[in-house]
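Take a look at these structures.
What follows is chain A paired twice: with chain B in the first complex and chain C in the second.
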Partner chain A sequence: MRTTPLTSAQFALTAASVSVAILPHLLRLPWLFAVPIGLLVIGRSVQRRYRAAPIPGWLRLPLILLFPALIVFHYGNLFGREPGSVLACAMLALKLAETETRRDAHAAIAFAGFVLMSALLFADSLGVSLLLLAALSLLLAALRELEVPGTSRPPLVALREDLRAGAFALFAAVPLGLIAFVFLPRLGSPLWGAPTDATAHTGLGDRMAPGTLQELLIDDSPAFRVRFDDPAPPRNDLYWRGPVLWYFDGSAWSRPEFFGSSRAEDELRTAGRAIGYEITLEPSDRRWLLALDMPLAAPDNAVRGADMSLVSRTPVANLLRYRLRSAPRYQLETTLDPVHRRFALELPPGFDPRARALAARWRRDLGNDEAIIRAALALFHDRFFYTLNAPLLGRDSVDDFLFETRRGFCEHFASAFTFLMRAAGIPARVVTGYQGGYYNEVGDYWIVRQSDAHAWSEVWLAGRGWVRVDPTAAVSPQRVELGARAAAGDSARWYQADWLQTLRNEFDLVNRYWNDAVVQFNALRQRSLLTPFGIDKAEDSELFAVLMVLSSLVLALALWWVIRAERPDGDALDAAYARLCAKLARAGMARDPAEGPRRLAARVAARWPDQRELQRLLAVYVRLRYACALPSTTAVRAFARAVAALRLRRSPGVVRPIG
Partner chain B sequence: MNRLAAATRWSRLLEFAERRLPALTRLKRAESLPIRLDRHRIYVLPTRFGALFSLVLAVMLLGALNYNNNPALLLTCLLGAASYQSVFQAFRTLNRLELHAIRTEPCHAGEPLRVALHFRTDARPRRSLCLRVDAVEIRFDLPAAGEGCVHLTLDAPQRGWRRLGRLRLSSTYPFGLFEVWSWLHPDVAALVYPRLEPQAPPLPLDPAEAQWQTARGSGDELAVLREYRPTDPLRTIAWKASARHDTLLVKEFERRRGRDVVLDFGALHGLDREARLSRLARWVFLAEAAQVRYALVLPDQRLGPGLGAEHRHACLRALALQPGGAP
Partner chain C sequence: MTPPRLTPVPPPSPPLEATLAAALTRAQQQVNQVVLGKSAQVRLAFACLLAGGHLLIEDLPGVGKTTLAHALAATLDLSFQRIQFTSDLLPSDIIGVSVYERERGQFEFHPGPLFAQLVLADEINRATPKTQSALLEAMAEQQVTVDGVTHALPAPFFVVATQNPLDLAGTYPLPDSQLDRFMLRLSLDYPDREAERALLAASDRRELIAQLKPCLDPAQVLQLRSAVAGVLASPALIDYVQALLVASRTHGEIRIGLSPRAGLALLNAARACALLHGRAYCVPEDVQSIFVGVAAHRLIPAGTSHRSRDELASALLAQVPVR
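Up next, the complex of A and B:
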């Protein structure tokens, strides 16, 4: 049986299972692997249509050796999340190439389940999970087809039956599966090394070179979600602070290492009410935490730098949720640290002479800092355009931008403005982060996408400390009012139509619930599950006990469903008679299968002559069953009640009614 | 010697187990039909694939826990629960299944024995059932609320009663992760006639009788009057006799081709018992083919003379049940 060759339907479903398992990986893998693996699966499926034989060994063996070699060549080793997944996909495809028997198909499908699940290590959004759920039911359908060779049924009917059975099995598994998910104790620390290899997460970096933000501005994936305790501040106050960049090398802004350390807290003086909010940060594999200007303190496991940027102690590999309080009105560092002043005025020598000259002229003509800032903003406002399609800049990037192209977006404006300020002797720095967001009314939260990435400047003014200046707002106020793409206007593609964007933003609510309920369900929340029952911090053993009890309950329920008494054949009268016979059997007088009621009555009379009630009941049954065409309901009920009331004792010879 | 002692001890242990725990052993006594499967006699164990699958599930679970990946954990839990709960579906595949009749056709030893088993189900169709008797395995489905007939072909090496023995009814439905099975031991035996001698000498007819038979040709003689059946031709009706009685009577003719053949066990010298029985069986076969009345003389009984299916069966049965056959 195990070596029976597969029917074409069985093979087709097995191949489909393997394909859906590989597909999520294939979209992600480099073409070096994606192309051969895809070709192998497709080629094998086509080949099997013509000939029910495995792909010959002389073709398979080189492939088995080739794939690991390629992986080692490309990644440097075979282990780890990324190379491991490639290897698993390749081996699964090769398994399909030799799958001819039921046993092979079983192995292939079990392995496909593993490969499918590993796809979630790379993307765990709701959409991917739902797709995987569908894929799981396909796997179960394939397993069923292996049990029920559909030769006797039309293929489509068989397929529908299989798919329905698979979906039903998953549906029926929901209670038990959820219980296991909620109460299965989580690992306190990973058993083996947590993933370190960088994945393709986009996000803010600690470096701003021309074009880095441009990638983000066309990326619509969520960066983080925010829920405010009170009504949100106005949209143009929503500056989400990320890495602060101090160092300019002529083309790129970056952040010196040592600014990661924290400093005295009393540099920040706040005025007005603080805003409380909660941020759910998408994994970025970087250490930046976003905060509304200006955060009052760092969340757990993170530090606040001297420039008020928040840095997590570990890279954000999973969805991270933290609470913060921020002050929208503040005074920061009213007396400037000399070291900071030096860094905030430093410019690379030998770059951008015309911008330096312009700044020197402003300093000479205008003298005061505020006037210089106004002059720079006025310059941007009058002569510059906001566009996402900025022309390329040469070696003297600031000069080129200021005097030649005059087209760009936040990155260019922030960079040029900060350069001008420093050249004019005003301490300045670039702040990167996000600006704005989309308010989801149904879910009452804000979603901030990567495309909301932004860069602005901060200048230090005597007596006022660091002051935020957004030069982009001077050029294109809509950027701050509406968002980057709306401001750019011209670059919208067909799939970025407004109504589609709105729909997507509204739909993001579902994602948020998914994140809340599933992705964010960590050990901490699990421990507090039993709080309503008086256990504040549930131990693993307690969780395990609850898991056992609840799953036993579910299984007991399922067991009852399976072995529940079947409706007896026949009508109520027969049922009552069957009960009577069962009572007799317990009393030691089983009815022979071929024995009629009168013979039974005779036997009973011979053994228990004084048992009048029993005699009467048997006589009543004979009368009701055989002496009338349709016994009246009341008579049958009376008979059933009398049977129920009858008590027989096992003791031999002495059987008397009780009660 | 040592092995023999161990085997004896083992069989004694099994006997003890059967006595004490009849439901747990498959050494159940034969039982009368119909046999209805219920939870007292259905067993479940994971298959080898089920074990492999749970290993894969365990690896997936560890991975999901290790990487703290909740969606993966959720799907693993769902898949695990789905595969675990398939044990109930597997159980329901056998539960309340009824074997209600078994029909066998008599056969000669050495020929295949055909057995038809009639199963009955309730409202649910049953899929992917597997019936094993001895080394014969057959897979079948049963429709909902219906009867299904399973035809088996068994070997019958020895004449006499051939007991069907224990049947193993199993299923790995729905996903092949669990196998449910039950043992059926119906109290049914099939009659196996003696082997037909392949190259038997012709029937022991006297040569003179044979000539007489040909001379007489197709001469018919009146044998008996019997009641009219609707299919009888009109010319066979005995009108005078019918008038005397109140019902229509029909003249029944019997073709007689000579005197009866006597097939005598004792007359076959120089052969052992099985060879004699084999030859007699072949002669019965030949006599039936030639439409010659025959009588069978055995050491313990005498049958016939007669002719026809019933007589033939009686003779073959007597031959089959001669001492020395299958118990």
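Up next, the complex of A and C:
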């Protein structure tokens, strides 16, 4: 009967299902919604446990109307990813409040499945997916408890059986799920429209103020992964170019909009072999694309600015893969554009007089540009410390850094160096990006993390064009006070252990495969699936046909397997009986091979009259083996389990169950 | 420890309705009161009767062969005939003859003593092979043909034949091939001390038999026979029977092993045995309890063997494993 009231175990599992479905959302929701939804679920469980009065009927409708009103109040509308998920969670919690019968529980669990899977709209990493699958198996276990109430069993045994059944159901669905994943025709764009409202991503910005990079340097999440066509260049040469910053306002470096425009091709002259590679960029919600110095062309849907930085036309909201070619040996803009020169020499008036004075002295004493650069680098080498725990700087940040604190990390060095160059009359700019990376041998790719973020300078020299100068590299190695990561603080030091770092880097391989195989599997790749079979671009109908054929095949196989599994399992029964006989033999009552089970039972009963379980097992065996033509698999399994659970103590006269 | 859960295997329903089962038990008890201390043999005799076979009792005179047959007939309310086999007995003496009736101007069949529900063929090995084979044919076919007319024998038709294994002078022992016609062979043996004392102390057996009241009627016996056919022999049991047959054929001390007919007899006797125990299914113990009776007289030992047929049959039982 579908209107059967729920047993306490059934309700508990239903409530647990609803909870795990809501939980991934709850952690993300604003307090305005998280608190009432959580209270609803907890309150309902407590109320049922202590048989308190339920929510009165007249209050339900106002409650149901309250949430949409709150959502509209908070988000402005009911539709979209965020408001929709809040609404679903709220309705699910309310459904639990009125769940009394099996019918209600079925509806609640089915809806919980939907809510649970909608969490994938917010995060689709491997870890999240695995957690959701585990939660899903709990839902399936709850469904099983609804069908097979475990009232006659001890609660823990029943729960274990339910969980096992749930996990099995999930496992059994894997082949069908895989087929549907690959062949179910996909939409060209995500179903839920603009997925740009998530802003939690970190990454390079188009502004560099003191401390902005500091956040990145202690962030271990991957920024992008690279696969080189040929052996990679040395790690020291891996300068991944990001935003180029021209404008300094005294405290922060930023980038004027118009430098995004593309210019003539002849400003970049290259020599030597170009390096081909493929970058898989993590979503950043920004438009920067990373490239090795210097990219020969921009990928599709992106432009290359005059300063060789790549800008995508749309923000990178999803995992993005693009191919590039870069020239490690190049000459850039050997004749400097007058506008560029103006920007590359501009300094904010009224800031940092001591730095300007120092630069002017260098210009006067040394004269040529290379000597000035060497002098600046020598200054850093001799007198400066590298640390992430950089002291705060005042209004004249460059002066403070150069003459007072002398401690800092890449952004301080790049900023101060560029300032000095400009003050000495050498065109200069700040380049931000990443440096280095970790080579994963197993997967043969490089992973570059946010903590590899870096800033350096480019100066323009007559006859050579823009030349990369990394002032941070000039700091004497002995003067590095703390590694970038160690600066994250004592509490996280275990997390920074070398072996753990290595492990994380190696494990990144799995994430990469997940990205490759699952997240990156889009409509385009799906269409090219059937290419080996002579179909260049698979139509939806062709995909659908493949889907139908394959899933029918799998279902037929499953059916065959089920029928086969229902067949009598004589061998298993023999094995279980052999095990029972072995236990008897150990207890001192060996069976002659020619002795029938009833005669054995008679002997056992004569010797150990109070061994009821043993006699019952022997009687069950006789029935399974001889009283029916074909013993059922379930009965045989139950017998085998009971035999396995039987404990006989080896003793001459008395056999007692242990425990 | 939580008790392991066991999906309950429903106990099989009893093969007989309660009144019939009770009557069967009473019938056995009654025969046991007359034939003292031979409950195993009585059970075998009942099994043979219910399985639709015929019984050969091989034993010395005076151990109660006739008493057993009498008691069976009286208890089951079967019509009873005793035929004392002698060397001058002719087939027509047991089957009957066609006599010309002058008034009606035609031959009329006068049935012989074979036309009874329970026939005691005493000292069957004293008759000539011709007469013996007439009896055996009738046993096999449940009918006799005289002058081209077939006469059905009554149902149930149950022959208890006896032969004296020792007194061989002037006898025609049944050939091995003919022994196959008897489903079961048993020997009664001397009663044990206690039973013999009771036997001596009590009144004459013949008076006891005369006082016996029928516990079952022939219709119920037929009903029991059809119930035997319905007893389940599971694949595992048939495997066991087959293994016994194979073992009898490959055993080094046996020249000729058990025939397929012997296999059928084993199964049927085992089914009847199960029914007597009130079970609707056979277990290996049923087969084992009837095996020597059913198989021993069909085994032909090799010349090199020093063991008796019974010993060989027991050796087979000890040799074939049970599942």
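Basically, the second predicted complex is superposed on the first by the 454 of 659 C-alpha atoms of A that agree within 3 Å, B and C clash if a C-alpha of one lies under 4 Å from a C-alpha of the other, contacts with A are read in each partner's own complex, and residues count from 1 in each chain.
By our rule, contacts are C-beta pairs under 8 Å (C-beta built on N, C-alpha and C of every residue); 3 or more make two chains touch, one makes a residue touch a chain.
Since we're looking at a predicted model, the values are computed, not measured.
Touch criterion not met for A:Gly272: it reaches neither chain B nor chain C.
Residue contacts after overlaying the shared chain place A:Ala629 against chain C, while chain B stays out of touching range. When the two structures are aligned on the shared chain, A:Ile563 is found in touch with chain B, with no touch to chain C.
By the touch criterion defined above, A:Val518 lies against chain B but remains apart from chain C after alignment on the C-alpha atoms of chain A.
In the superposition on chain A, the chain among chain B and chain C reaching more residues of chain A is B. In the superposition on chain A, A:Ser118 makes contact with chain B only, while chain C stays out of contact range. Applying the stated contact rule after C-alpha superposition, one finds that A:Pro231 touches neither chain B nor chain C. Within the superposed three-chain model, A:Tyr577 lies in touch with chain C and out of touch with chain B [touch as defined at top]. Against chain B, in their complex, chain A makes its touches with residues 1, 103, 106-107, 110-111, 113-114, 117-118, 120-121, 124, 128-129, 132-133, 136, 140, 143-144, 146-148, 152, 165, 169-170, 172-178, 180-181, 184, 186-187, 190-192, 194-195, 318, 518-522, 558-559, 561-563, 566. Listing the residues of chain A that touch chain C in their complex gives 153-154, 156-157, 570, 574, 577, 592-599, 620, 622-630, 634-635, 638-639, 641-642, 644-647, 657-659.
Residue ranges on chain C touching chain A, taken from their complex, read 1-7, 9, 11-12, 232, 234-237, 280-285, 288, 317-323. Those residues of chain B lying in contact with chain A across their complex are 39, 49, 52-53, 56-57, 59-82, 84-86, 88-89, 91-92, 95-96, 122, 127-128, 130, 137, 141, 172-177.
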